[in-house]
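Look at the two complexes coming up: chain A is in both, with chain B in one and chain C in the other.
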Partner chain A sequence: MSQGLAGYIIRRLLWTVPVIVAISILVFLLLRLGPLDPVESILGQRYTEEGADRLREKYGYDRPVHIQYLKYVQNLFQGDLGVSTRHQNFTVAEVVIPKIRVSAGMGVMAMVLVFGLGVPAGVFAALRRGTFLDPLTIGFWLLIDSVPVLISAIWAQWLFALQFGWVDLTYGGVFHPNIILPVFVMSLPGVAGVARLMRASVIQVSTEDYVRTARSKGLREQTVVVSHVVRNALLPMITVIGLALPGIFAGALFTELLFGIPGIAREALQAVLAPDFDVVLGLVLFGSILFVFANILVDVAYGFIDPRIRLSAARGS
Partner chain B sequence: MSNRTLGIMMGAVALLIVAVAVVFVLVLSGGDGDDDSGTAQPAREASERDDDTDSARETGGDDDDRDRAVSGSGICSENRLVTFGDDPATVFDPIQVGDASTAEYTAEIFGGLVTLDLDLNVVPDIAERWEITDNGRVYTFFLRDDVVFHNGRRVTADDFKYSIERAADPANFSPTVLDYLGDIVGVRDKFNGRTDEVSGVQVIDEYTLRIELDRPISYFLQQLTYTIAYVVDQEQIEQDPDGWTRQPNGTGPFRLKIFRPLEEIVLIPNDRYHLGPPRLDEVVFTLAGGSLSTRFQNDEIHIAIVPAVELAGVLSGESELAEFYRPAPQLAFFYLGMNVNEPPFDDPLVRQAFALAIDREAINEVLFFDAAIVADGIVPPTLPGYSEAITSYRYDPDRAAELLAQSRYANDMPRIILTFSGGGGDPPDNLQAYQQQWREALGVEVEIEAIEWSAYLRELRRGELQMYSTGWIADYPDPENFVGKLFASESRLNHSGYANDRVDALLDEAATLQDQEARYRLYHEAEQIIIDDAPIIPTFWTVGHYLVRECVQNWVDPGTIVPKYRYIEIDTSGE
Partner chain C sequence: MQAQVPALDFEESGFRPAPRFRILRELGHKKIAMVGIVIITIFYLFGIFSPWLATHDPNQQQLVVEARYAGPSSDHWFGTDRAGRDLYSRIVYAARTTLLFTLVVIVTGSFLIGLSLGLIAGYRGGWIDTLIMRVGEVLSSIPTLFLIIAISAAFRTRISDFVFTLKEDTFLGDDARAIVPFLIIVLASLPFAWFGSARIVRSQVLAIREQEYVLAAETIGVSTARLLARHIFPGVLPIFLVGLSASMAGIAFLEVALSYLGLGVDPATQSFGTLIFEAGRVRTFQQFPHVLMFSGIPLSLFFFSWTLLGDALVDVVEPRTYRR
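Let's turn to the complex of A and B:
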């Protein structure tokens, strides 16, 4: 790796620190200074001043906001994300980590499925350009894409569980076969985007000089397509992987709600409604870090694959 | 990537597209049903399963067997109940439990001095019998000598003293102790750090416990049925203060076998349970998974809730789910509150006019498919102490307009805001219906406002809401929990600011009376006065809409926290 790239990465990483700090302060203040009050929610109609005082003391809400924030940061450096108030007597880590595991597992599977379906569909459409198969393939996936998960989830449950009896809807963990249906439903809307991008990319690469050179060398058409066109056309797809990562976490809400999957999106919704300050904050920070790092990762990966980009990044620094 | 892999991938895509297309075609043709020609085999099967046609009945033998293999007996073949539940909001520690779902599990794993039967009467649990002396201020409990914790250790009076003192310990931050045990001498003081011992709880001998109250309260036994008063194992807690709740050692009918957060809770019977061991081999609470009713139809679960979209069909008998329908009246009372200290509701005529102007029967019919119960009183029908004789203001728009015209605000109606707790979007349908009925009968435009839950609770508690929509679910099954808690002038749950000396006197008298029937009569009188004064408009008592498989025997939903799974049994005979 060139000096320039290393410096570039370090600078990018350093930049994330103020970003994360700013986000944490903003969210912390939004939660504490708004009308939300977890103690009120815990006690509900059982509220008494003395009971509430004891809980405020327990959670530290009786202290001034800036002290609460500093305390939070101090704990953060010791790896302590705070405590949940919706799940009393559980720490944020205990509440959030199992759910991140669930969402991450599903996310990876969904991503594999999205690309597994989208890339071949795109290549297929591009190679059949000019025939009815091109618009048919892309059109089919666009049609699927335009069905909201809210609808497709219910349809899929009815079809595959009730009509065919292929799957059960009981949740048995991320590695249980029952996870296939929600992952499938979650992936469907993403395929069209990948397919279209892949199609455009294949068509664009096909006009490159080196493809023409390869053809004129007398290489077999299949070799040209596979080693020259598709391989190079895959390059822009990396950005999609990176940028889709936070999207998969964020976009899973309806899948999680309709399949009753204990993932991060459902927890985030419930944490906001509860309200559960530390869990909300923990999730926002997790999401921000994920997003920032995914971006850096994409840039770096890009550099590894395409030397031209590495060069310009280095030159840019 | 080689040619070969690329080819395979292309093939896979093509195959998938074809597969999806075929599936759609099959489903569409199967849905039509009346396809006699039977061109496509799967389509014919689907239509046979849906329609009870003659041809299906002729080949009935085979089809029935197949159906049962696919769906019928699967879930009913074992003596194992599969139901649903919420992820526990807190650990399985009786003094931390404040929510209904955790309470449900806790009530099966632990037990206390007394418990509730399925009709919500207080019955003995660990206490065999009790005596009430000193005008209802002192309770002496005589414990059974054969009660053991799940690990076999015998339960004595000392365990109860430990458990109650632990509940009151300020270091344990119990959210419910003051509500349920706050009347025991010393509990409040210990909670506030003024004393170490709860002097009101005395161990007389190994199996005799005396509890002394600050004042006589006739619903104390009902309060003792809540989880906060359950007995816990001191030895276990001291050995493993942080982890004991993962393997709680209670005295209840069930033991915790598996707790996989977010996934499932599995309870197994406590064979030494002193009130008779459970009949089931296992109870499984699924904490996650797809739509309950779909899982119910797919034979994955014994008990489900009727989804809102299916309710009309289920109630009319048109839905195929109708045969499984089991309504369960809840111990829940919904009402509209009005702040009696603020215009215009400081004039009783205005409150009465608002009550007379809404047509709850029509709303029940149109919005709830007649499945809710119009609240003619405050205490719900399934609660001990309910009276049919109590009547509320019935829809009479003319009389309503008349009363409003006589009121102080006849020509000078201030702005009225009805607040409810909720997010964005339209207000609930019933609130919009009230709004429209007030507009039509009284010519008054009420504004509806939604606020976030914790802020709503705060404003409600401070009596800042002019008009509000809320409800109350029983903490313990006694009329005091409704009439006293919501309407005694000093009660912190009296959000409307209502104060009536006669009502207060009746409630005070009822709180100390030992004769249940006489007590109930006092509550009835108070209830009728309150409704006539109209600080609130009673709207509905709710009903739970359940789906229960036929093979589940002795299922009931008493509407509150009652250990109920030990009565249930699965009929595995396949009838």
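Let's turn to the complex of A and C:
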């Protein structure tokens, strides 16, 4: 059985290679063959034909697309992600890595917050099943989820910075207390999903035999809930970490824009609009690899939790 | 006197209504779902009848100081924005943009492409199944919003000539300026809009394909098209609708996000994205809260209603997992 799982993981990992290659070709072609021209935006007012040609030669944009792609891949294997045209004299790695740090820091905090609020909310709703408190709890978080960050960010800024004066709105680094407000704004929409899954999971576990056994041998209700129900209900929540990643990535864009945070989402947007080919490619590849591995993690975690899925996966799906 | 029609007693007669009516009926019993349906219906009615429900021309500017950022009044129900335009009329027309965008993307992306590819992949299997699912996996592994932004940005830069040609040489006339940007965001969204429903439909087809009535139909030589349409599609429809209503808010948000970033619909076409963008940042909100409030609340309620409806549909269609 465990051999089947190992084989499954290896097969999934091998499958990521063509996926990543396909994504890189797709995005590369979209950028190089599309009408966006980085040379034009570098030169701006100073645009001359000779100057443009010189720059095209410098960045290799004058060569055939497939040669450009192969060159890009060759450099990639040497750890060279290319150079930024928007931030002159900086390599992609120099531009991107500090931003990844910021986004990763915020992402981890957001994930902790989403689980810290979502799990108790889900348990509460499940335990109050049949009363109005259950739909009220879930409905409350769904309502929060429905307000786009574009709007909630402004409301939160007004309430907590201008009315209460608890925070101010300048960005002072990932570990500065001012980061609390943006992290809350980008996390709160995710709570509903976690709460809903946790609720379903608790309800599912409550019907298990071992819970009935625990009750019938006279354990206190609190003990049953905490150490039998909730502990087992938490297991499937591992998978949510993977599922929540894309959402946090998307919510991050408007949080970063409205709070002036130098994260990857804002950088990606500016790189697309500039355009800054190598930075876009680097960030898209980074994001895609993150997504693909998160998905594998989800499937493997499912396999660990539910042996039936492990079996069908071993047969190859 | 009218003759009394005796009420049919389904239980006693042993007759049970068809399953598709069961879903509608059970949905009717759910108050939360009904709230969602009512809000969505109102929203869409405003979208359909916006020319008649709007009180002003949404683009009519009043560039005198006292007419800008005016609060709600009997003339301007929701007040005016920074250019003195009537906010209520702009919101009513923004609902129309949302209606059109969700409708077009749902019909083409989820319904035409997603449903049919899901049916083919699930029923045919083999290499065509592998191909469809692998392409979908690749597309869904990319950070979607950014690729849509990239595609929209790429095609926006060169549209003005194209718009001019359309305006001069086709029947579109002045509408070309509104239609072309709209088509760009639809086309940019489509590659990413079909896979969710295709995957749901495929897995459901895999389950239904093994049912006896499908085997029976195959045995008596029913054509593939008829088999898919008459025997498999009805079984797939409920779960397809669940997936659809769950994805509606996300699809509608794409247009809002793109318009917010200035990559969406033409500025003269109203959109919640441009409305929210023009409502300004927090300082503007502090001074003139009505702009963001009136444009933000209907949009949030719209998203909320689709979520509620999706939730209720899951309950009705898949009662096993969420039984109370």
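FYI, the second predicted complex is superposed on the first by the 299 of 317 C-alpha atoms of A that agree within 3 Å, B and C clash if a C-alpha of one lies under 4 Å from a C-alpha of the other, contacts with A are read in each partner's own complex, and residues count from 1 in each chain.
In this text, a contact is a pair of C-beta atoms (placed from the backbone, for glycine too) under 8 Å apart; a residue touches a chain by one contact, two chains touch by 3 or more.
Keep in mind that this is a model prediction, so the values were computed, not measured.
Novice: On the A-aligned overlay, A:287 touches which partner chain: chain B = first, chain C = second, or both, or neither?
Specialist: second
Novice: Which partner chains sit in contact with A:277 here, chain B, chain C, both or neither? Use first/second/both/neither.
Specialist: In the superposed model, A:277 contacts neither chain B nor chain C.
Novice: Among the partners chain B and chain C, which is in contact with a greater number of residues of chain A?
Specialist: Comparing touch counts on chain A for chain B and chain C gives B.
Novice: Using the touch definition from the top, say if A:28 reaches chain B (first), chain C (second), both or neither.
Specialist: neither
Novice: Could you tell me if A:253 is touching chain B, chain C, both of them or neither one (first, second, both, neither)?
Specialist: In the superposition, A:253 touches chain C alone.
Novice: Using the superposition on chain A described above, determine whether A:117 touches chain B (first), chain C (second), both, or neither.
Specialist: first
Novice: Contacts for A:162 in the overlay, against chain B (first) and chain C (second): which applies, first, second, both or neither?
Specialist: Touch partners of A:162: chain B and chain C.
Novice: Regarding the shared-chain residue A:170, is it in contact with chain B (first), chain C (second), both, or neither?
Specialist: Once the two structures are laid over each other on A, A:170 reaches chain B alone.
Novice: In the overlay, answer first, second, both or neither for which of chain B and chain C A:200 touches.
Specialist: The second partner, chain C, only.
Novice: Just checking: does A:36 make contact with chain B only, chain C only, both, or neither of them? Give me first, second, both or neither.
Specialist: Both partners.
Novice: Let me check the overlay on chain A: which residues of chain A are in contact with chain B and also with chain C?
Specialist: Touching chain B and chain C on chain A: residues 35-36, 154, 157-158, 161-162, 169, 258, 273, 275.
Novice: Chain A touches which residues of chain C in the complex?
Specialist: 32, 137-138, 141-147, 149-151, 153-155, 157-158, 249, 253, 256-257, 260-261, 276, 279, 281-282, 285-286, 289, 292, 296, 299-301, 303-304, 307-308, 311, 321-322, 324
Novice: Inside the complex, what are the residues of chain A that reach chain B?
Specialist: Where chain A meets chain B, its residues are 35-38, 40-48, 50-51, 54-55, 58, 86-90, 98-99, 102, 116-117, 119-121, 123-124, 137, 140, 154, 157-159, 161-163, 165, 168-173, 222-223, 225-227, 230-231, 258-262, 273, 275.
Novice: Sort out for me which residues of chain A touch chain C in the complex.
Specialist: Where chain A meets chain C, its residues are 19, 22-23, 26-27, 30-31, 34-36, 129-130, 135, 139, 142-143, 145-148, 150-151, 154-155, 157-158, 161-162, 169, 200, 203, 246, 249-250, 253-254, 258, 268-269, 272-273, 275, 280, 283-284, 287-288, 291-292, 295.
Novice: Which of the residues in chain B come into contact with chain A in the complex?
Specialist: By the definition above, chain B touches chain A via 1-3, 6, 9-10, 12-14, 16-17, 23, 27, 30, 46, 70-71, 87, 89-91, 93, 96, 98, 170, 173, 175-176, 178-179, 191-192, 261-263, 286-291, 294-295, 297-298, 300-301, 423, 451-455, 457-458, 461, 472, 492-493.
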